[in-house]
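Shared between the two complexes below is subunit A, which pairs with subunit B and subunit C, respectively.
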Partner chain A sequence: MDFIRPTSLAEALRAKAEVPEAVPIAGGTDVMVELNFDRRRPPALLDLNAVGEIAKWSEVDGRIRLGAAVPYVRVIDELGDRLPGLAMAARTVGSPQIRNRGTVGGNLAAASPAGDSHPPLLASDAVVEVASVRGTRTIPITEFYLGVKRSALEPDELITAVLLPPADGPQQFSKVGTRNAMVIAVCSFAVALHPASGTVGTGLGSAAPTPRRAPEAEDYIAGELSALWQSPAPLADSVLRRFGELVGAAAQPIDDVRGSAAYRRHALAVLARRTLGWAWHDYCEGRVTACA
Partner chain B sequence: MREKASTFAGEPEPSGPNRRTVLVGAVGAGVAGTALAGVGVGLAAPTTAPPAPQETLPVTLTVNGVRRSAPVDPRASLLDTLRDQWGLTGPKKGCDQGACGACTMLLDGTRVLSCISLAVLHDGQEITTVEGLVAKGEMHPVQRAFAERDGFQCGFCTSGQVTSAVGLLKENPRPSRAEISELMSGNLCRCAAYSNIVDAVADAARGER
Partner chain C sequence: MSEQGIGAALTRVEARDKVTGAARYTADVVLPGMAYAALVSSQVSAGRLRSLDVSAAKAAPGVLGVFSHLDRPTWHRVPAIPYFGETRMPFSDDRIHHAGQHIAIVVASTRQQAAHAAALVKAEYEAGKPVPTLEKALPSAYVAAQGNYVNFPQETVRGTPEEALAGSPVRVKAEYRTALISHAPIEPSVTTATWEGDELTLYDTSQAVVVHRGLVATAFGLPEDKVRLVCPLIGGAFGAKTHVWGHTLLVALAARRLGRPVQVVITRKQMFTTTGHQPPTVQRIEIGAERDGRLRVITHDSTNSTSFVAERPENTVLSSVATYAVPNLRTRVRLARMNFGTPTAMRTPGDGPGSFALECALDELAHELGADPVELRRRNHADVHPQSGKPWSGKNLLECYRIGAERFGWHRRDRRPGTRREGNDLIGYGMATARRVEHHRAAESTVDIRTDGGVVVRTATQDIGGGTLTTMIQVAADALGVAPDKVTITVGDTDLPPGAPTFGSITSGSNGSAVRLAAQDARGAAIRLAVGDKGSPLHGLAEDAVDVRDGRLFAKADPRRGETYAVLLTRNRVNPLRGNGKYSPAESQYETSTFGAHFTEVRIDRDLPRVRVVRHLAVIDCGIVLNTKTARNQAQGGIIGSIGVALMEELRQDPVSGRALAPALTDYHVPVNADIGQIDVHFVNKPDHNSNPLGAKGLGEICSIGVSAAVANAVFNATGRRIRDLPITPRRLL
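Take a look at the complex of A and B:
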């Protein structure tokens, strides 16, 4: 197995173009499990740890540009106020040791329907920035996931960053698992309130072959909230429940070792109802961004 | 086998047989026995030369304050490299998939899982294993707290727990008990010494004991 260690993005992209089968490795928390258990024998590994360009975040044109190789711990410590939904999700990934190494870029490239980054990225209309020697392009998050562990990334491309607007309203994330730590989500849900545009974003995880949004639930709740943004008042329980039902209906879950399809649909409805309740409560209390 | 054992550690080997060399010697004897048995049931002895060793890459790590350089198989995990090549058997292999924390080490002061990292990824970096926590023959305060609070039973998870706790206290010097449980959640203990482990970490955080 070859080991390629580029020290700049240009070098990394050249290497990926020359050896498209080379497997990129950032935190290694997904790749290494595959190597250790012989599920994958790549001809080459492409180490992204010395590529400085993708290991930092910045603010560009009013959006956060989060480098693909920034570990979860930095999202939590440094971006909890601006990206509260993503930071909440990051806090539930694996264990502290996993969060010290694992990255959002790795989560995206792995494209597991259970990845915890996906629901908050969907809820806040993130855009994935990818690059190759052919150039840089951006992919709206809803077009990034193509199937179970399949994404729109081409073989010669690397993910360089994810771009997302800082929160303009409360955000929440919640996931169901067998315990509070180190669990792959049985299902997960993220919600982002956007008072400026009067819209609500959603993201469902472990609920379908790909992470997805629940457009009908979003339209329904935007309609219910349209008269309330200016003069916030508590939401009727029936509204929260209807929102939950529509989220459950948007799922296309499977039965597997972690849970049945019926359970997942039910749990998603509960998560949706609760997280919307929390986020709306925060909005009513005048907390623009939920404390992360 | 014995010869390999003595080149393992790069650390001064004690003069008499220690546990490691005895174990390695015993494994060698076992392998020899199997080979003889193979001949006994009529298997031909191998005639071709063993496969050429994999290509290696030079790696330099500062491990517990000592700079070490060695050719390393690029596929070797950081854990296997330290245990098998350099004889540092403090970090344990509980799961080899990032789920148990027994292999926790500090990488430039940050706790990481060495089973799901490669040695070649860390060329030039600083590693601290449980062996490196003892300073001038004195146990680290976290080690002492674990001993005094009985933060273990069989001890298999302990080196990972202790190393993880040292990393935790660096990240968060004043954790509450709830935070300790949460922040130690990457370290499993099959003996379920959890409540004593939390006591030990809380003591160490208070600088007591």
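Take a look at the complex of A and C:
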């Protein structure tokens, strides 16, 4: 197995173009497990750890540009105020060791339906920036996931960043696991309130072959909230429940060792109802995370 | 006798080495010229090998040898069960009894080459039709004949159980199930074998170097003194290393054939399939009682799975036989064979799953009667052993209940289930009794006092992570009258005096007694030396007029008169002064057990419904506590492990093949820190000198027994739902 260690993005892209089968390795927290279990024997590893361009974040044109190789620990420490949903999700990933190494870019490329970054990225309309020697393009998050562990990334492309707006309203993330840490989600849910546009974003994890949104739930709740953004008042329990039901209905979960489909659907509805309740409560209390 | 050492909250002596990485485990052993082995596993769970093509593996880079049943290994004899796991020797034929069974061993110059070549071994199978699960095996369940593992009564009758049931005004009857669970120690099993002529040395992750040496010797037809077993430190075992398993013998075999040292580190997956597990059980219990709660009768029927190469019943029913004063009783244990690896001792064999069934059934009875669960247990307290009628060597169970109920705030429990809430949480309290037979084993030790005042304890026991090194030092320090930091210890080597196994909660009592006897022997010899030595300030005194403290012998009547061990021995040129200790348990007029009571508070998210143990209190009666720090740590660990058993642990099987679905830590979950609430442990801490000279009894297992029942009972109290199948997952509570 070859080990390629580019020190710039241009070099990395050239390497990827030359050896498209080379497997990129960022934190390695997925790649090393696959190698260890012999699920994969790539001809080459393409180490991204010396590619400085993708290891930082910045604010560009009112959006956060989060480099693909920024580890979770930095998302938590540095972006908790601007990307609260993603930071909450990051806090639930693995253990400190995994959060020190693991990256959002790796999570995206792995495209596991259970990845914890996906729901908050979906809820806040993130855009994935990918590059190859052919150039750079952006993929809306909803078009990024194609199937179980399959994404819109081409063989010669690397993920360079995720672009997402800083929170313009309260965000929440919640995850059910079979234990409280070091656990793959049985299901997860993210919600983002967007008072500026009068919309609500959702993201469902471990709920279908790909991470997905719940458009009907989003439409429903946008309708219910339309009169309330200006004069916030508590939401009726029936509204929260209906929202939860619609989220549950959007799921197409499976039975596996971690949980049954029925349990997942049920739990998603509960998570949706609760997270929306918390987010709306924050909004009513004026605890809107200020946008930059 | 001085009080130095025993009970002190010393930090374990090897702690620093462990946290700095200096500690040397079995996989750290590297011998000159050592080769590495990888084991090839069967992919099917029943049938036979039609062919095994090892040519590609043999041709792979670095490969030194590939062995399988085709090489017809000549085992001398099958070692004695129980401490050899199976009736079939590895590679003895082409039969497949379970998925994961070793079918070949590949040896190469590096670990990676061995793993690579192992993947090149091509097996073709004539697949048989497996019995995949206990459920499918149940129709052919049978009562095993005595012998081998079957070393306790499979059926017990006391009084007239059927009549007593018929005449009981209150009856409860239920079926309980426990899951197939796995030890999951951090350190996998490791063996390094090296031969010099016909002398074999094994560095092996062994919970019993002395016992295992004999088994290995039998397998190879060697005299015991030609086999040496060494086990420096163990990174967790929980029973997975109580037995000799196939890999140990295979590595020794390969090393002999190749004429060089060979090491194998079992893969994580193989830990789940080839080093035992706790078998799933189905247990039916029926209780008949008077209206005032006095038990008239218990019947307890238990079936557990076993493999096709071992008959190993779980002694679940002992809980019903030995815990409460009940005049009528019938128990029966049956085995049901399935195509899975061989089950073995795990954490708390027998009483773990057994107490789950019995203590839940008692909770059901308490509910039926409208009685308080603690009160019900008090009322049925066994003042003498309910089966043998013998007195207990020491029993403070009533005190456990009293202290536990008080410290826990048991009176705040609402008898009506499902009534206490806080926000989304349902709150419930549950409790259970713990009881474990205290086992004894012969053990020997030496204690050397050196001219520099240092002390060395030598005994072939082993530390599996429970703090044995530290407690043995404390025992020696206490008996000698020296500070514990003057004492060092060497264990885990059959070249040392034969010590006790570290399983079955044997070590503290049995090995501790041997160390104490050795230290007393050394102390006595030193005193004799002093009083007979004209050069000693103690010359001429009666032996019992001398005491020792902080390494200094002195006249009791005049403490200023005295000298240190170091001065005494240096002057007399005795280095070292050796004391020998040989503990041999005698037939006793007593029944010896450990006891405890568990109290637990669960909170259950009403909607999700996930169970969290937010508070647990164990009150434990295990004789005198040798080290309050390591003991607390051990008890907390045992409780946490059992919370795992109650709430999450299950090695799920494919319903058709019986194979483990996810034999990896990714999905085999034990609790993590974030799952664990407050865990309090209180020790009754009264020496039981009827049990052994030291007065200390085992703690390793008693702390876990009853925990899963306490949790299940708390879940009932919180929700009104009686979950009789472990683990109690949200799916079951929904």
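In this section, the second predicted complex is superposed on the first by the 289 of 292 C-alpha atoms of A that agree within 3 Å, B and C clash if a C-alpha of one lies under 4 Å from a C-alpha of the other, contacts with A are read in each partner's own complex, and residues count from 1 in each chain.
Keep this in mind: a contact is a pair of C-beta atoms (placed from the backbone, for glycine too) under 8 Å apart; a residue touches a chain by one contact, two chains touch by 3 or more.
Keep in mind that this is a model prediction, so the values were computed, not measured.
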Superposition on subunit A - do subunit B and subunit C clash or fit: clash
Which of subunit B and subunit C A:T138 touches, first, second, both or neither: neither
Touched partner set for A:S8, first subunit B, second subunit C, both or neither: neither
Partner chain in contact with A:V176 - subunit B first, subunit C second, else both or neither: second
Partner chain(s) touched by A:L45 [first = subunit B, second = subunit C, both, neither]: first
Dominant toucher of subunit A (residue count), subunit B or subunit C: B
Contacts of A:R258 with subunit B and subunit C, given as first, second, both or neither: second
Clash with subunit C, by subunit B stretch, listed 27-35, 63-71, 99-107 or 117-125: 27-35
Contact residues common to both interfaces of subunit A (with subunit B and with subunit C): 37, 95, 180-182
Interfacial residue positions of subunit A with respect to subunit C in the complex: 37-38, 95, 176, 178-184, 257-260, 262-263, 266-267, 270
Subunit B residues touching subunit A - in the complex, by the definition given at the top: 54, 57, 74-75, 77, 96-99, 101, 104, 110-113, 115-118, 120-121, 164, 167-168, 171, 182-183, 185-187
Subunit A - residues contacting subunit B, complex: 1-3, 5, 25, 28-29, 32-33, 35-37, 45, 47, 49, 94-98, 100-101, 180-182
Complex interface listing, subunit C residues touching subunit A: 119, 607-608, 610, 648, 652, 661-662, 664, 666-667, 669, 671-675, 729-731, 734
